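In what follows, chain A forms one complex with chain B and a second complex with chain C.
Here is the complex of A and B:
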């Protein structure tokens, strides 16, 4: 009883810390465009959302997917195609992209959750490579040229996304909305069962949970949010290319999540900002970018395995 | 080494002499070299393009006329989103007036759209896609050195005319490869040649043996390589192992650069035929440029892309100076189109309304090791394709700018 009570108290305490952290993050993100280039911020937000979606699956479900680029990229292509060729307004284009990623996630999930560990990872990798080759060959994706000059258009008919700051507000809203959805999911009974499955799957089964249903749902949710990130990204950059479906993107999201802190709530956001900032601000160092990125990864794994936010949380004795 | 070169660039950036003239926006001209600094196109563009741009600025003597010119550079990592982010940031925050080079058609098409939107100038030397002066043409873009149509046409046309009338295609199985194969095949057929067959191979293929054996068995005189980068060099290497060139067949590369030939070495690459816009060992002016360039570039000699960057920046600076302003990208490009081009590397030329720079193209054959007299002495000229025939006719390009 004492332990249980202690645990509840700790959760309550961490809950407060998380609310404070959320408010700080929101405040920073609202103030940021005054100092930092907004397009860069939007790119970082899209990747932060992508990393959060990935973290939902890996950090809380314990499922290592090496195929998440497929969801990001497919959604990007579908929403770019919908906005450019079909002339759909941006909100429908984003919804379309997200729906495509969700469906794809359902297919991937149904096949992949039958296996565990490395086999699960390999199945997702194989499936995402199939998606990559489809995108390379399909006429509508434009091969290695990608879909270019995607119109940003008017959201809901009256929000002009061609204004950079308006677009930033929309992207920030999408990000915060999806972030809260993930937060709610993790703290719901569903999230608790997911964590139980991660910790000890046979025990969860013996308690009567249909673990496959939970895993599939988590997988589809993660795919859908990755798709939301990809669809938003294609409107921000007005293009969709093979970069987003390439397997190295699946690797990058692992790097972001690990660097920020696996299984933490804010870690993937920090990790994504760090990686995107490196790619952006170190661009003039040419070949050194990838080397620096690799070195940081090695240092992170060797010295602070919990990631930036994980270590910070340990110092503050709060789950962030 | 790289860092040293970056510092060198930074130093060049500061070579402002005297005060900047008031008419240039933000106190001077700022040139952004957006290129591949770390991956497969590094040697054929990359840091060499930054160097070429710097040499063009130095040779123009513009600093002596109190106009400040800065050069910045960045790596797009062959990712369209990284390239597009850099281009936007350069235009919005860093006040870059013109972006040059940009190999990788995907990135170039993205920068093409952003330059149009922000009314800046985009001078393409590295990218190949002929869409840049076709359906995607822009009043802010000039495509300088070469394009896919010119390569396919030059190689296809000249080879058939010099006796290579039967072809077999080895094609990378994706949009770019299909386009190259389609364009070249059309040229071959038009000139009375025939296509004995074709085979598609997957992208980034490691083993070409079965494809090469089919090509060998086809008895075609020419094996056309409708692929790029690593696929081309792999195919050439393995063809040498099968003794295909020694057996009397010739390989025709559709996208080959001087640095590729250097990497392959003459014993492997000999007999390869392809089209380029510029070669360092063609006249004294080119040789002088190459000597200065290679001395500052680890001995790597300039490719046609480097020469194109030099030529484009030279013409840009001339036009901006004549216009006395760099603020309006469309006006600068219009001025560049209206003025005939002239520089030491490409000689006299013109720029068409669709943004296509026009000059002669050349069909080269790689020398046998015995013919090569000096390091980097790799090509012999097989034919000159006159400027009038070298590029796609305006009417076939479907460029919206040319329909009024």
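Here is the complex of A and C:
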């Protein structure tokens, strides 16, 4: 997958460019609800976080997972169930959903991590299909109906999430916090080793690194953040459904990441916004949305392999 | 039981691939502090042998001892931690990391912070001085900010050696260190190997026989997976079996791989 990386030379001023880009992104997201429907923005933010988590694994760890929907969906079910049936406050519901996805990630990781490339991808796909069929049959998920009318409640006892703008502020905070955590992970001692493994796994082994442990940690982190996205999403929509555990969701996150720019910092965010916007505004075309998405994917792979942000970074000669 | 002069020893080392015997009962002894070369015509099993020694392949039969300890079933990363570090036939650098980061990745394992994803990578800056020294030792001081992928081939190999040296290994296994290099680079790498071998043991697979003649204290010749001769360059180059094995593939006297 190395050839698809959007990363260009890690020159000194890329750091500054990334700070500027982060400030612009934050500014836009704070101002956005004034002109754009906030529920749409929150949906896009949840998917952006999901795509960032996926990008951490693929873009920086070189691991292709086709089973990430399992983490998004499971966390959604668990937090919806916790909020509705157990009456937990939203912060604990989100925490519970995230913890469930983290554990599930650990199980997936332990089983899949010894396999390479396409075999790794297939094992994750198979495991996520098992999760899907479990969610379809299990009584607490509500089967085809899902879990509906999930209460948003009061966060920490005083933040009223029933107010849309308050909810937006909370979702934005969660998004930015997790985004910064991913950024730090990429630029940490762990991130350095992870990138080395992505670049040349046998060499990393020959330097004495037990690469499976690093891959497993990357996988669990990615699953945890995917879970955070899923848990947040279920509170925003007050709904947890089979859509989020379906394999097509695992495919969608690949599309978002590649469209925005694999291995870039901001690419997955842009990719997620583009895809969510398309689904929203092209909804009138019905089934054609899938075909339009497919066409865009083909064009992306053929014409700008680095993705939107990857190509932008190349033009600006900065790693974004 | 094990001679302390011998740093690496194999007995009856064998590797079969579905009925094909790539390496057959190889008994190799590498003396501490020497440069030992493993040569042989194409398909002789040199690289397989190398992969067995560094645990990248499990042997079908036989034993490997390193510094008196049995490592036959050890994991490849653990071998590296014991001070036995290998290089690869195709230059093994971390392409999208710069030269400094390449060397630093090898240095940072000792900090024991490599799982800390919440720490800033600036905590690694304390290693930059040592990394720059290592880059300078292989003549790469002016290339520290270049991505490894942008370096010409000979420089990539030099970077690889600097990265290997960062681990301060007791023993180096070099898989064709001069493969695919121009004449000028070959000379530079040979000098470098001589320099780094001063207080280390080196086992290398090499095709370029002039490099082998120039550097090696001892040479083992493999053909069809078996050892056919062992000794100094003068000794093995006189051996009729060796001359026959090389006939038609490489001219021993010409000295070019």
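Please note the rule applied: the second predicted complex is superposed on the first by the 309 of 320 C-alpha atoms of A that agree within 3 Å, B and C clash if a C-alpha of one lies under 4 Å from a C-alpha of the other, contacts with A are read in each partner's own complex, and residues count from 1 in each chain.
Convention: a contact is a pair of C-beta atoms (placed from the backbone, for glycine too) under 8 Å apart; a residue touches a chain by one contact, two chains touch by 3 or more.
Just so we're clear, the structure is a prediction, and the values are computed from it rather than from any experiment.
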item: Combined model on chain A where chain B meets chain C, clash or fit; value: fit
item: Where the C-alpha centre of chain A sits as vertex, the angle toward chain B and chain C in the overlay (nearest 10 degrees); value: 140
item: Touching partner for A:173 - first (chain B), second (chain C), both, neither; value: neither
item: Touching partner for A:145 - first (chain B), second (chain C), both, neither; value: first
item: First (chain B), second (chain C), both or neither touched by A:40; value: first
item: Touched partner set for A:289, first chain B, second chain C, both or neither; value: first
item: Chain B versus chain C as contact partner of A:163, first or second or both or neither; value: neither
item: Chain B versus chain C as contact partner of A:188, first or second or both or neither; value: second
item: Touched partner set for A:209, first chain B, second chain C, both or neither; value: second
item: Distance in angstrom between the closest Cα atoms of chain C and chain B, superposition on A; value: 33
item: Chain A-touching residues of chain C, taken from the complex the two chains share; value: 54, 56, 75-78, 80-81, 85-88, 92-98, 101, 104-106, 108-109, 111, 113-121, 123-124, 145, 147, 150, 163, 167
item: Residue ranges of chain A touching chain C (in the complex, touch as defined); value: 2, 5, 7, 9-11, 181, 184-185, 187-193, 195-196, 199-200, 202-211, 213-214, 217, 221
item: Interfacial residue positions of chain B with respect to chain A in the complex; value: 2-3, 6, 37-38, 42, 46-47, 72-77, 79-82, 84-86, 88-89, 92-93, 105-106, 109-110, 112-113, 129, 131, 136, 173-176, 203
item: In the complex, chain A residues that touch chain B; value: 37, 39-40, 43, 136-137, 139, 142-146, 148-149, 233, 237-239, 241-244, 279-280, 283-290
